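One chain, subunit A, appears in both complexes that follow, with subunit B as partner in the first and subunit C in the second.
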Partner chain A sequence: MPLLDVQNLTKLFALKGGLFQKQQNFVHAVEDVSFQIEKGESFGLAGESGCGKTTCGKLLVRLIDPTEGHIYFKGEDIAYLKGSALKEFRKNVQMIFQDPYESLNPRFSIMDTIAEPLIIQDIGTPEEREELVANALKTVDLNPPEDFIFRFPHELSGGQRQRIAVARALVINPEFIVADEPMSMLDVSIRAGVMNLLLELKERFNLTLVFVTHDLAVARYMCNRVAIMYVGKMVELAETEELIGNPYHPYTKALLSAVPVPDPKEKRERIELRGRVPTPINPPPGCRFAPRCEYAKEICTQQDPVLTEVENGHWVACFQRG
Partner chain B sequence: MDEQKPRTKWEARIQQWKKSWEMYKENKIGLVGIGFLIFFLVFALLGFVMPHIDPIYHPMTGFDPYIVSKSPPSTTHLLGTDFWGRDILSQLMSGAQIAFLIGLTAAVVAVAIGTTVGLVSGYYGGATDTLLMRTVDIVLTLPFLPLIIVVSAAVGKQSIWVLVLIIALLSWGGISRVIRSQTLSLKQRPFVEAARVAGATDARIIFRHIGPNVLPLSFLYMSFLVLGAILTEAGVSYLGLGDPTRVSWGIMLQWCRTTGSTFTWYWMLPPGLCITMMTLSFYLIGRAVDEIVNPRLRKR
Partner chain C sequence: MKILEVNNLRMYFSTKKGDVKAVEGVSLEIGKGESVGLVGESGCGKTSIGISILKLLPDNGRILDGEILFKGEDLVPKSEDEMRAVRWNGISMIFQAAMNALNPVYKVGDQIVEAIMIHEDVTKEEAHERVARLYELVGMSPERAENFPHEYSGGMKQRAIIAMALACDPDMIIADEPTTALDVIVQDSIIKEIKKIQAKLNMTMMYISHDISVIAETCERIAVMYAGNVVEYADSVTLFASPLHPYTHGLLSSFPSIKGPLKKLTPIPGEPPNLLNPPTGCRFHTRCPYAQRLCKEEVPVFKEFKERHYAACHYAGELSLR
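This part shows the complex of A and B:
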């Protein structure tokens, strides 16, 4: 049984209409997305800004409520939990946010910040919590812990803050962590450090990571499997190396061709896409990518392509299969 | 950083306060404000001592048996006496007590209501927000003087607490707007989402995560509310709608006017100056706090 089994997950955001507007408009942030994540896996959600990858990550930790669909966590549907059942579920999940300057409460000392999940979930006595916080600081390589424990976020650097955010995510021993582009706000020089730390901790605690990113290079380094999203839909899902070496979907191909190659002599065919990313407000039927796709046929604008397995473990949502 | 690393929670807190004080100290105007405030505080406390030195220094009942009319400053009465032979200096001290009492209680009540309404309104949004903000519209447009006349008539006696209550209930509107707008921005911040992922309740997020972040702003508005409350009490008392059983600066001015002594400098000037200086001190403190809360205002 997979740790997470996501089925037909959909999130629509209602737009405020004008007084005389009859039709209610929706932003189709995530639409009909299904996938499974095994325990101990590092799963990447990749795509452009606004493709719904962050929304998808937030749905998994129930930061926002899904419109439709199911999320089975260890066989239990957690998509519509409420109250104490939801709070119980929250012991198993944590999230790491993009901007370490915004994700730490500026009025909380490091102790307060990291102990917050423990206090909310009512774990341990104050002395035990202090011990747990010190241990969490050690695991994210902030040594010695007593140098940091009563500091405030504004006294720390960006990399240190992101480590604090990781420590906060780890302190209650969650089963899986959703990391929403935790590297993108960090300096390139400290990015590798945080990435290696996450991978190391994933091995050590047998964590399951859902990694939201727009950077395919980061996804390649961090993830076992990657799913590519485009305007709320999942277009391709495969093992990382398979996806990068053998992409099927025209959108994935275009994305990969945009990744710079560290060799000035190598000439590579660059796929330039026509037009722009369409708006996710009330999209027309058919493949979302059809208006920009050079292989588009009539069927592409009439029916929704379904994510189907074309090779072992390689799923694509395209009528032309590339 | 060359400072000592804090070893306990309290050391960390004290260090934070020290830092804020260092920042405040930079502002000379703010120091002047604090200076005035300490002066008035001592002044108000001395007022409790005066009647014990000699009963003729009681601000209300201390009629000097040897003086039958207003008298200029003398050795027994350093600032002179009023129409009935009561010591003006001790009346001023009593006035300072009333000013602190009214200013601080009205401001604390107003800030408490305003901050809570702002937090709840901003956090929940939707129908709650609309309801609360329309209430604020009403509060902001209620006319003050007609209301106090009507309420005084309805209550039947003019009490200082009725005044405090009315001032408090009419002055929380502006602050709730400010706190609401701050809350609207704070509730979108990832640290609030992080708390929610951990399972924090709405109440915990409002009072533990968002509340402390808007508190400096509340304090800032509190100093301006204190100022407003003192001025309002003085104005209302001058018009004869104050509490006649306590000597406040406004009441002193009213007595001064009704006995036809408007141009008696030693009677009219001191309460007027006191009102000005005390409100000024709160204004200066407010300005200094404003510079800490809004770093954009800081001079480089």
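This part shows the complex of A and C:
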């Protein structure tokens, strides 16, 4: 049984209409997305801005409520949990946010910040909590913990702050962590350290990681499998090296061909796309990519392509695949 | 032929806590028609060099020492009036996030016309004609000049900004992170456009970015900056294949790539120093795995090791990097 089984997950955000607007408009942030994540896996959600990857990540930890669909965590549907049942589920999951300058409360000391999940979940006595916090700091290589525990976020650098955010996520021993672009605000020389730390912790604690990113080179380094999203839909899902080496979907191909390579001798072949990413407000039927796709046929504008397995473990949502 | 020569430039910002030593003894030369990348982490002084060249320093910034020779003439002693003749006509700059600085209540074309008319003695009709030609040059339909900024996508705004930088036919363009806020596919098309224009007009370009993969693709020569110093300067192929400075090597080893074999990233230990009080000697010695006593005591000289391959390291050429 997979740790996480997501079925037909949909999230629509209602737009406020004007006084005389009769029709209610919706942003189709995530639409009819299904996938499974195995325990111990590192799963990437990748795509351009506005594709729904962050919304999808937030749905998985139930920071927002889904409109439709199911999320089975160890066989139990957690998509519509409320109250104490939701709080109980949250013992197992944590989230790491993009910007460590904004995700830490400036008035909380590091001790307060990391102990907060323990207090909410009512774990341990104050003394035990202090020990748990110190251990969490050691885990993220902030040594010695005494040097950090009573300091405040403004005294720390970006890399240290992101390590605090990782420590806060780890302190209640979750099974499952969603990390939303945790590297993008960090400097290059610091970034590699945080990436290696996350990979190391994943092995050590047998964590399951969902990694939301726009950077496919980072996704390649961090993830076993990667899913590509486009305007709320999942268009392709495969093992990372397979996806990069053998993409099926025309959008995935174009996206991969646009990633710059840190090697001046490398001559990339670019696939140029016409038009631009459409708005996710009341999208027309059919494949969302059809208006920009050079292979599009009539069927592509009429029916939604379904994500289907074309090879062992390689899923594509395209009528013209191959 | 050298179009720009920076010799021993020192630029400090005065703050309440003391002087921030943003640029410390930087020397660079750029030939006509060359594209040079300035790469480094945030706060290393890349943008400070850009705004020093155009003397667009904020009130608390000052050039202490050094010369900036543009076509043989030193810009440092020039008055504000004399600089106005250099800006736009001689050197123009694409600022970071400039596309968000377009005035929302004026048509984009009119904003470019305004810039042309301030700097050159032309009629409004001639200026409008030039805008139409510039739009074609950057790959946009000239009718779009009649639109307001909110009617543009991010990529189009950036194209308009590039058109604006080209408006007075400058000899050189300084582009500060011109693609940083853009999605990867849009970024790719902008990079392609800039390269095309550069080749067509034989434009001299200085490209400022933290992203070495973007720099690798756009520039023939690369200058690597660390904590206010240029630590290495070479043609891009040589710099990637055989770096002389340990920081360059560290930067290259901490950057993931989507191509080639998956290799383990090695982060650079520690954090970039505070430039209020930078380390003595070589500013990188606190993080350098090869540092000796000499590195702490003496500032290394930036010198030519091989033809047009400069580095500032006491042990350059003696270390077995990579």
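Here is the rule we use: the second predicted complex is superposed on the first by the 317 of 322 C-alpha atoms of A that agree within 3 Å, B and C clash if a C-alpha of one lies under 4 Å from a C-alpha of the other, contacts with A are read in each partner's own complex, and residues count from 1 in each chain.
As a convention for this text, a contact is a pair of C-beta atoms (placed from the backbone, for glycine too) under 8 Å apart; a residue touches a chain by one contact, two chains touch by 3 or more.
Model, not experiment: these values are computed from the prediction.
When the shared chain is aligned, no partner comes close enough to touch A:Glu127: not subunit B, not subunit C. Applying the stated contact rule after C-alpha superposition, one finds that A:Glu116 touches subunit B and leaves subunit C untouched. When both complexes are overlaid on chain A, the residue A:Leu273 reaches subunit C alone and has no touch with subunit B. Judged by the touch definition given at the top, the superposed model places A:Ser49 against subunit C, while subunit B stays out of reach.
In the superposition on chain A, none of the residues of subunit A is touched both by subunit B in one structure and by subunit C in the other. Taken together, the subunit B residues at the contact with subunit A in this complex read 1, 5-9, 11-12, 16, 189-191, 193-200, 204, 209, 212-213.
Only residues 48-49, 157, 159-160, 187-193, 195-196, 214, 216-218, 220-221, 241, 244, 254-266, 268, 270, 272-273, 276-277 of subunit A touch subunit C when the two sit together in their complex.
Across the interface of their complex, subunit B is touched by residues 58, 61, 63, 86-87, 90-91, 93-95, 97-99, 102-109, 111, 116-117, 120-121, 146-147, 150-152, 155, 165, 168, 172 of subunit A. The touching residues of subunit C, when paired with subunit A in their complex, are 41-42, 153, 155, 183-189, 191-192, 210-214, 216-217, 236-237, 239-240, 250-260, 262, 264-269, 271-272.
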